[in-house]
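These are the structures in question, set out in turn.
Heads up, the next two complexes both have chain A, just with different partners, chain B and then chain C.
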Partner chain A sequence: MNEHRLINFLLRSFVVLVFLFIFLPIAGSFVFSFNIDRFPSLPLGGFSLHWYEMIASDPAVWQALRNSLTVGVVVSLVSTLLGFTAAYTDFRYPFFGKSIYMALALLPPTIPVVIMGLAMLAFLSRVGLSGEIYAVMISHIVMCAPFAMAVIRMRLAQMDPNIEAAAWNLGANQWKAMRYVILPFTAPSIFAALFVTMAVSFDEFAVAWFVSGLNETVPVRILNTLQGQVSPTINAIGTIVFITTMTLVILAQLLLMRRRKPASA
Partner chain B sequence: MPWFGLCFSMPILIWQLIFFVFPLAFLVAISFWLVRNFRMVPTFEWQNWSYMLSRGFFWDAYVHTLAMAAGATVLVSLVAFPCAYTIAFKFRESAKQLLVLLLVTPFFTSYLVRTYSWQVFLSDNGIFNAALGLLGLEPFAMLNTAFGTYIGYFTLCLPLVVLLQLFSLMYIDRSLIEAAHNLGCGRLRTVLLVVVPSARIGIVVAALFCFILTFGDFVSPLYLGGGQPPTLSTLITDTTKSGQQWPRAAVIATMMIVTLLIAAFGAVRFAYRRRA
Partner chain C sequence: MTQPLVVFDNVVKHFGSYQAVERMNLEIYKGEFVAIMGSSGCGKTTTLRMLAGLDKPSEGEIRLNGERINDLYSWERETPLVWQNLALFPFLDVLENVEFGLRMRGMAKAERRKKALLWIERLGLEEFATRDISLLSGGQRQRVALARSLVTEPPILLLDEPLSALDAHLSVRMQGVLTGLQKDLGITFVYVTHSQSEAFAMADRVVIMSRGRVEQIGSPQEVFLEPHNRFVAEFVGGKNILDCTVVGFDDSGLVCLDSQHGGFLARLPEGKTVVPAERVTVCVSAEHIDLTAQPMRRNRLNCTVIGEEFIGSMVNIYLEASGGLELQVQKRHADYNLLGVHCGQKIFAEWDGAHALILRGD
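Take a look at the complex of A and B:
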């Protein structure tokens, strides 16, 4: 019995260690962002908002933020629309070649970002779009639509297909059934998909770095800072980005949780 | 299919064909193009392929990348498994949900920012070496070594691998484990002979994702590993960003795609193999 408890204790300690490892860099960047030292070490230097003031007065950061927001809004709208149509198709229709269709819809996030980046750069520059902000939007929609589709498809899985059929029997045409049955039922997941895709786009640096040209987004700005003279402003930007994305994700989560009540009523 | 069905099934198909399948096919195509006077000329020549595949530095990078990614896959899986196992079997339901939520959080923090944060911890005058100094120990080089690269790989993959393993472990029929115990099977043997085989698909899929992510990552090898020796992805970024040699970069990318396809195919075959 004692041996049993010892093993359990060791296993739990191991879990704690793994979580410490995972959260160390996240907590680190948060702490360093308020630290006066350029190269933080032990003992830590004093508290300072210096790095936040530096990014607030850097026009390149503001421009990057504007680019990121523009890209994020467009990407979340389009990829959620694409994801919704794909999820509904999978829910409603059996057809020949569906596994290939689903692979096309879900594969992009499994392609290494360097390869995606190079492929998008080569293709988009051929059609004269590389270096434009549209290039980042197009690439991100390719990468984000699968996430939107997954989120909405999971919600549809909770719906009885007979409900839609009942609407048709009661005289609704397909569009009306879509408008009054499917859309209200999936609404929370649609909003969740909007936030999740925006968060993914807001964080994507590699493909954006390949295709963005001079239109830096925030993560591309971080990457370029990382390559030049390293500066703790990265931590300050990172902390702001983290708070932004977490807000989006928590909003998405709240929407997904709220749905349970009306669904069970 | 009627209009209604087409309106819903076509958009993603058209979009992904134009902006996903076509660019990837185009990438393979330009590996046969040539660069003349700093411009790519459409043609069909094996020149880039024979150039790249006869270079020692390409094969060095290939072997190095493959070895690093394979090593990371094994190590991350080995570290993740006891963790996923403990979360699945040794925690209450509410604690489990909290831990899953915590495991999802890193996906929404910037990988770049975490990498930079590790630089501060690992550098020669960084936090870790200062802490060692306080203990009276000599500092040692962690940044710009293979160790640094592996720290980055773990940062990138560990949460995902734990999550995927956890999802497959949670669905194991508990009575199987009890039966093994009742039949006198020891704890470790139960884990190795009952739990691991039951969760095989999840473990293999998690390992595959780890391999794909580390094989293609250019951030950790560059900013934590020091960039030497180069990996395939750093070769691609260098070749692409430093000039017009996109066809050669396309050769490297195609080789990576082929390698990943083989790995994915092998992993899926292994995961769904019938038990002997």
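Take a look at the complex of A and C:
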């Protein structure tokens, strides 16, 4: 029995160490963003909001934030729409070539981001969109839609397929069944998809860097700042980005967990 | 004869190369309780789904009140279906589930709530009206499903094995609820089941199906007393089947038969004729066979008792005759005790020629 407890303890310690390893840099960034010193050093010099004030007064940062939010909202709406329609198609219709169709729909996350960035740059510059904000939107929609589809498809898999047919049988045509049965049932996953895709887009650096040109998103702004001068404002920006993204992801997770009721009655 | 409410006219359904329903011809009259029964894969659920508009017939025509409905979508018909797994809407409460059909028809909120509550009361669910359906018991959910289908006051109600998930006691109670409801409302019920006891207890007429084909249509009594063929006889249970060859006829009109187990007498069903040397199947009910040490009738078999089965007020006795033929005899408890048979005992099984029926078909 003592071995049991020892092994338990060791396993738990291991998990804690792994999480520490992953989050220590971020925690460090968080701590030093409030540190008055120019270079990260211990012991801490003193508490200061100076760096946050600096980024608050930097117009380039605000513009990047506006870009990231605009892109985020558009991407989340369009990706969720595309993801929903793809998930419903997969759920309801068998057709010739379906497995290839589905494989293509789920392909983007498997492509290395640098390759994706180069491909998007090449294509979008051909159609004259490179360097525009739309370029980032289009690229992100392609990359985020599969996430929306996966989240919504998972929820549809929990649905008793008979309830849609039951709605038809009770007098609802296909549009009404969609509106009164499918959408209410998948609502939590649709909201989750909106948040997840927004988080993915907000955080996405590589492809945005390739195609955004002068319309920097926040991650791109961070890199450019880093390349210019190493300033602790990086810590401040990083902390804000981290909190934003984590909030979105946690909200999405809560939505997905809450409706864990059995789907069939 | 009045016009039937529903007509299946040479309806065929195949899924690719799989023939689910072969040439179905069936008329259902207003106010009837019709049960379609058979084992899994016999086509009974497909038949029901075609009537509900969830599957389209490959050939033939389905008519409701004289009008062809093949091309009508499910939502354009008035054929609500009570699903086997109920298919209640998990995100709506009881009242919202029940009023769904009326809502789809565009009825105003106040009016549809009133109607829905009426049906909720009728089915004894008043105290659950605003409850979440996941908190209801199986029997209560059943009744919600029924209310949901009946709220639009349709001419016909379809039910797909609704009692199969319930335990025996609840099932019998629900059978009472269903028959009571059907008689009170006068609505035509089309009820699919694999349970012979359910169908016989509730239906005015039964349709027995096997592998896509209709084997027999008739009242439960007709089907039980005069099964048309071997499949139906075995399906209704409690029957013994013998393969025989016609030899001739005796003075009383019974047919003389020969078989590997000896000579027998049997009667013909109305309208059937046989000729000598024809092979026929004979069916004898388990309750018509007597066991005795001194047989006196022409129809007899020398057997060994191989088992007994106690089923409530009756006892099933299993015997084996020469050539591996197994017989089933059913006796009331009192009579069984008087007999005093035991396993391994040699005894004669005998029955009247009038109780042996030559089956119409194979």
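Some points to look at:
Just so it is clear, the second predicted complex is superposed on the first by the 246 of 265 C-alpha atoms of A that agree within 3 Å, B and C clash if a C-alpha of one lies under 4 Å from a C-alpha of the other, contacts with A are read in each partner's own complex, and residues count from 1 in each chain.
The rule is short, and it goes like this: contacts are C-beta pairs under 8 Å (C-beta built on N, C-alpha and C of every residue); 3 or more make two chains touch, one makes a residue touch a chain.
Please read all numbers here as calculations on a predicted model, not as lab measurements.
Once the two complexes are laid over each other on the shared chain, residue contacts for A:Thr85 go to chain B alone; chain C is not touched.
If you count the residues of chain A touched by chain B and by chain C, you find the higher number for B. By the document's definition of touching, neither partner reaches A:Leu194: not chain B, not chain C. In the superposed pair of complexes, A:Ala166 makes contact with chain C only, with no contact to chain B.
In the overlay built on the shared chain, the residue A:Cys144 is in contact with neither chain B nor chain C. Of the two partner chains placed around the shared chain by superposition, chain B is the only one that A:Val241 touches, whereas chain C remains out of contact.
By the touch criterion defined above, A:Phe185 reaches chain C but does not reach chain B. Residue contacts after overlaying the shared chain place A:Val211 against neither chain B nor chain C. Within chain A, no residue touches chain B in one complex and chain C in the other.
Touching chain C in their complex are the following residues of chain A: 160, 162-163, 165-173, 176, 180-181, 184-185, 261-265. Residues of chain C that touch chain A in their complex: 52-54, 73-75, 79-81, 83, 85-91, 100-101, 103-105, 133-134, 141, 148-149, 152.
For chain A in complex with chain B, the residues that touch the partner chain are 7-8, 11-12, 14-15, 18-19, 21-26, 28-29, 32, 39-42, 81-83, 85-86, 88-89, 92-93, 95, 101, 104-105, 107-108, 110-115, 118-124, 126, 138-139, 141-142, 145, 149, 174-175, 199, 203, 205-206, 210, 219, 222-223, 226, 230, 234-235, 237-238, 241-242, 245-246, 249. Partner chain A is touched in their complex by these residues of chain B: 1, 4-5, 7-13, 15-17, 19-24, 26-27, 30, 79-80, 82-83, 85-87, 90, 99, 102-103, 105-106, 108-121, 123, 125-127, 130-131, 134, 154-155, 158-159, 162, 187, 209, 212-213, 215-219, 223, 233, 236-237, 240, 246, 249-250, 253, 256-257, 260.
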